[in-house]
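Each chain gets a letter, A, B, C, D and E, in the order it is written, and its residues are counted from 1.
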Amino acid sequence: MRRLMSNRLAVPAILSLLVVGLFFVMPSSFYLRVAALVWISALAVIGLNLLMGYAGQVSLGHAGFFGVGAYSVAILPAQFGLHPLVSLIVGALAAALLAFLVGRPILKLKGHYLAVATLGFGILVFMVIGNEAWLTGGPDGMPVPRLVLGDWRVRGGEAWYWITGALMVVGSWIAVNLVASPTGRALRALHDSEVAARVVGVDVARYKLIVFVISAVYASVAGSTLALVNGFITPDAAGFLHSIQLVTMVVLGGMGSVLGSVVGAAVLIVLPQVLTAFHDYEHLLLGFLMMAFMILLRAGIVPSLSAAFAGRRA
Amino acid sequence: MLQVDGLHSSYGRIEALHGVSLAVNRGEIVALVGGNGAGKTTLLRSISGVQPVNGGKVSLKGEDITRSSPHERVRRGIAQVPEGRQIFAPLSIEDNLRLGAYLRKDRKVGEDLEQVYGLFPVLKERRFNPAGGLSGGQQQMLAIGRALMSRPSLLLLDEPSMGLAPILVDQVFEIIVRLREESGVTVFLVEQNAFAALSIADRGYVIETGDIALSGTGKALLEDPRVREAYLGV
Amino acid sequence: MAEFLQFCASGLTVGAVYALVALGFTIIYNASDVVNFAQGEFVMIGGMTTVFATAAGVPMPLAILIAIAAAMIIGLLLHRLAIEPARGASPVTLIIITIGASIFLRGLAAIVFDKQFHSLPAFSGDTPVLFGGAAILPQSFWVIGGALVIVVLLWTFFNRTLTGKAILATAANRLAARLVGVNTSFVIGLSFVLSAAIGAIAGILVTPITLTSYDVGTLLALKGFAAAMLGGMGNPIGAILGGLLVGLLEAFGAGYLSSTYKDAVAFIVILAVLFVMPGGLLGRASVERV
Amino acid sequence: ADTIKIGASLSVTGPAAFLGDPEARTLKMYVDDINAAGGVNGKQLELVVYDDAGDANNARTFATRLVEDDGVIAVVGGSTTGTTMAMVPVYEEAGIPFISLAGAVVIIDPVKEFVFKTPHTDKMACEKIFEDMKGRGISKIGMISGSGGFDKSMREQCLGVAGNYGIEVVADETYGPKDADMTPQLTKIKGTDGVQAVVNPGFGQGPAIVTRNYRQLGIDVPLYQSHGVASKSFIDLAGEAAEGVRLPAAALLVGDKLPNSDPQKAVVTGYKSKYEETTGQPVSTFGGHAYDGLMILVEAMKRAGSEDPAAIRDEIEKTTGFIGTGGEVNMSATDHLGLDLSAFKMLEIKDGDWTIVQ
Amino acid sequence: MSILHVEDIGIAFGGVKAVDHVTFHVEKGEVFSIIGPNGAGKTTLFNLMSGVYRPKFGKVLLSGEDVTGREPQELARRGMSRTFQNLQVFFRMTARENVMVGRHLLEKRGLFAHLFALPATARQNRESAEAADRFLDRVGLAAYADMPASAMPYGALKRLEIARALAAQPSVLLLDEPAAGCNPVETEEIERLVRSIADEGVTVVLVEHDMKMVMRISNRIHVLEFGRTLAQGTSAEIRANPKVIEAYLGTHGSKEASVACR
């Protein structure tokens, strides 16, 4: 068991099983949609976790990249007639370029200063999307053309469940690969001590930039996918609250845990659906549960539980 | 003064102290020596109350303080020079020292401040600068000075000579002896510089992987062949 | 010229609001390195409680006291029930707890109060004071004055009292603070109570200008946080400076550049400042020796 | 099923809570009422309300949930244009009639098979305002609007139709949804030559602050607000500064001042007193939109005499002569709103109360 | 030609001239010690040499090449490696991983291969892990390999830093108080370790307050006081220098120092 868990591929394997297994217990396509939303958020959160959990750099502006991806698949097909898939890739490249450009100066900042700088960046993206209505439809949003693959018009909960699930599994696979590689070690090292990482030859600025760009690409792809699934997109996707939500998912699930990213996303997506039963008390309970989770499982759900589990077995 | 009975302490699943018992009498200097990872720091932290204990008892002046909070213990007269110095880096040197006297109500804090400055003049030169800028050894002086500021009755020192220049090592040991002489402070001293520590100590303990392995007067331990071979290297 | 003065007046008023929120951040940050995202909710509680108490017939001065007390109690409860039990958790975890707390408090306010906007009468009337052609509301002076008084008190507290230093020491090195006898749990609790009080005062002072509702907290917290960082986190004077600057930037941005992108103007300037001064305007560069 | 399920996804919290909260209250209130009176077609109604907090993605999820999981046969609201537009494809695909409570004209123009709405469009509000201005000989105006969806959409519409009334917009400023002070923008408008009136499309607290700042700066040309602030709380928030402000709104706000002959009088006074009694809060036109939507739906269900969504849709489309809080509704295959300009009254605030401008 | 050449270097913090016109050079393969009272500027000098600080004036030449003001990672690429007086350990990683990071420059760093787990990455990981185990073994920490660094005792962490620095296979190794926190027996182990490193041809620059070790091991010693050079010479010369005794050694240090050469 322990050997299994320590295997790098354990996490993508578990997640694949989860995606496949869950499918068969889904009672309606509403559940499939919720699951698809979980997979999409998880994808963005896995990327953000690479940045935050492993490299220790906060970003309160990641929804900005999410928005770039989302609006790419909305704007590019409409304005330039690009295929949605091509638009998704162009969007990811645009997010990468944007991350590359802003990352250089921003990542020199540390801690809360980095937080406020990324926050500012996210708000700038949000403002552009909200205000340039000629391009983006403004605050009321804009429609996104359907994804057509060959003759297949992708629609319906099932198709999207599988597509988003697969994307998320691939995302987790890439993430665990990265973490277990020399690059991953360099990232984790600079999290703990930048100066020590530098004196053993890690180009800290460059590695921070690399992981920032990678996490931006994750967010952008997730954003594009959401837009395609919904067929409609509003600036909220790029908003400050969404950024906060992504960060919360990272911490709730567990910093530095790929599996945790999925769990964190699942909790924050599913919980509000469950809490609708409590009507006016919904937010009260959501806030309460967030606090309770963090107090009881302070290292994040997955790391805390696995530590407790390991503790009991020993 | 200090009585430790069967103390257990662990980090998660790993137990670092397996039932340590020792005593320090009023006015004594007692040295504790042991290798890397033996549990010296863990023991001192337990005595100060910043390390959870899973069993056993710590009493001070006959009163059980096992469950007392750290600030309660400071109020009762315990001060510690912690491993790794643990200064308040962004605060000025003088603020660091004044905080050493945080729980003191008397008006002699100013005098004691001057005394510490007398011992370590470099601290006075830089009194309004942030302590984080000090060199390693200077920070160690600050940590020692800060502990003295509380006018403790029991002083716990975790490797006070670490990072100090030889000339200052002499001085610090002199200060310890003088403190005991002049103000009757009881001292419990963890030192890697075992030779110097045992030389000034009335009694000593040797700790090995979480257990007390040997004890005796400072002199006896200095002459003990096992100690000589394992810790003094002669 | 009158235009310029009008922009200044607007900027200083709005800026003082941000400054008050930023000041609230300062204390908790100074004690625990935690950015308290529920700070905006203290502001909301201050305003809303006063509104509802006066509506229930309580005289204004008493209503103000009740509001401040209510916020302080909630600050204390927040610490006792949510922060203290998570003792030893990393600052990020605590920050998420404060985010949870802010959602919780907003949900609570929506139930206890309502979801409408509310206003308070201005303390000294609505007749604008004319100054070089600019019209300034008397309440603006209350807000700016309140911010200045609080900053002086805070500055004195942190620089002149041992308790203030103990708060700083707790954030700088929790272990060492405990070893010198600081009751760190008390100190952090105190910081929550004080922050809550400052937040509530801010809420009461600004409600006649900005109006209030159960969810005004989020945006105020955001702007206040940005202001605090611009000024240099942890420094009360920096908080004031940052707050006023953000306010002025927005006013001049709206007045001279583009009202659509005025917030962008503010954030671009914040980014530019941080690139040059990574510790904010008055933040001390942290010295960490290796 | 022994109950008829109808759904709603409203922005009960978040930036548009101003809209969603009274809407949700109204729906619950009247569904209870209808059930107490024996329900529809002999069956009890079951209302499923979700709070999308103004977020389009949430709304989309709830739309799926309403259709797939709850199995509702019709939906009322969508509080905002963004959430409405995000939900439209779900209902269109599932063939569920959907009566939106949001403002923008894009919802029903072009007409979508299953989508209806009850509030007047923002375009109509602009036209009503410009008509009034024209009557006062105003031709150059300033505009100040919020950056939210409602505000932006109305601003666009106003810019679009201004020319038709010979009106030129010479100053055009915006403010953020939670801004605390709009004097810089208003100072600019004040400094613009020839401004004869100012329009402020927006809802929430922004217009109240604009109104106060307007008086603070001593601007003396007329100020027009939009139907977005048509609620007594606007007068409370803006205080004395609200004196003389004009805005287009449904008859709901001035029910008691309507002549007895007005067919709307009974409906609006009835709704107003019921809402204010039950909730203890001042009535707003937004809750009224929900009332209209629910009633149109219920009547259509009665007429259809079945629970078949398609049949209900057809009946909704045939709604004629329905008197709601918003005016008389006459829908058709090409008009899924069914209101005309006469549904709007131009109101002016005098002595802290609404009056009808004749 | 000397491998490391420091010329007239200096830096100040506020009013404090931490290092002030210091010049020396270190020959290949020697153990060169820098000693001096607390606050004399030893650590600062290390920071200047390794690129952590940029000097206000003066030059650093590494193998004859001017590297003044270069970033630490560039110096690392040119063969310089160091440890820290104030521990800079990667606490969230295991001991083995800490040392593996030390191999960074020797590792293949193709991002594509890392993202998609090409076989080369697995091979590289294995190689680095094996190397790391070798170095851990060498500093006597083999038993700690899988322990998170946060759980290791202080003395072990000092050695972990040495292992990490060694893993980079440096030509110049800067050690800042490697024996701090070690008892005399452990210090002797460290001394043997340093000796063996030097024997392999690695140039060692050592800062240490343990006089026994310094005197025994150093080819030459450079003494600093108040940021300036106080003396320079062999162990015997330094030990006998009255200025050094007065400023630094004191009676205890003198005794230790003389014990060392017996």
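To be clear about the criterion, contacts are C-beta pairs under 8 Å (C-beta built on N, C-alpha and C of every residue); 3 or more make two chains touch, one makes a residue touch a chain.
For each chain, UniProt lists the protein as follows: A, C = Branched-chain amino acid ABC transporter permease; B, E = ABC transporter ATP-binding protein.
Everything numeric here is computed off the predicted structure, so don't read it as measured data.
K.L.:
Which contact partners do chain D and chain E have in common?
P.N.:
Per touch definition, common to chain D and chain E: A, C.
K.L.:
When every step has to jump to a touching chain, what is the lowest number of steps that links chain B to chain C?
P.N.:
Each step joins two touching chains, and the minimum needed here is 1.
K.L.:
By mean C-alpha coordinates, which chain is most distant from chain A?
P.N.:
Farthest from chain A by mean C-alpha position: B.
K.L.:
Could you compare the number of C-beta pairs in contact for A-E with that for A-D and name the larger?
P.N.:
Counting C-beta pairs in contact, A-E comes out ahead.
K.L.:
In angstrom, rounded to a whole number, how far apart do the mean CA points of chain C and chain D lie?
P.N.:
Between these chains, centre-to-centre, one finds 35 Å.
K.L.:
State, to the nearest whole Å, the distance from the C-alpha centre of chain C to the C-alpha centre of chain E.
P.N.:
47
K.L.:
Can you work out the whole-Å distance between the CA centroids of chain B and chain D?
P.N.:
For chain B versus chain D, the centre distance works out to 73 Å.
K.L.:
So how far apart, in whole Å, are chain B and chain E when each is placed at the average of its C-alpha atoms?
P.N.:
From the centre of chain B to the centre of chain E is 28 Å.
K.L.:
In chain D, which residues are in touch with two or more of the other chains?
P.N.:
In chain D, the residues touching two or more other chains are 13, 147.
K.L.:
Quick check: what residues of chain C touch more than one other chain, meaning two or more?
P.N.:
106, 110, 260, 263, 289-290
K.L.:
In chain A, what residues contact two or more other chains?
P.N.:
131, 195-196, 282-283
K.L.:
Taking the touch rule as given, give the residues of chain E at its contact with chain A in the complex, in rising order.
P.N.:
50-52, 71-73, 75-77, 80-82, 84, 88-93, 97-98, 100-105, 107-109, 111, 113-117, 121, 124-125, 128, 161, 164-165, 167-168
K.L.:
Under the definition above, what is the set of chain B residues touching chain E in their complex?
P.N.:
Per the touch definition, chain B meets chain E at residues 11, 14, 33, 35-38, 41, 83-84, 122, 126, 129, 133-138, 140-141, 159, 162-171, 192-196, 229-234.
K.L.:
Looking at the complex, which residues from chain D come into contact with chain A?
P.N.:
Listed in rising order, the residues are 13, 49-51, 54-58, 60-61, 64-65, 67-69, 80-82, 85-86, 88-89, 104, 106, 147-149, 152-153, 156.
K.L.:
For the complex, give me every residue of chain C touching chain B.
P.N.:
Touching chain B: residues 162, 165-166, 168-169, 172-173, 175-183, 284, 286-289 of chain C.
K.L.:
With touch defined as at the start, can you tell me which chain D residues reach chain C in the complex?
P.N.:
12-15, 17-18, 21, 147, 173-176, 178-181, 183-185, 187-188, 191, 204-205, 208-209, 212, 216-218, 233, 236-237, 239-241, 281
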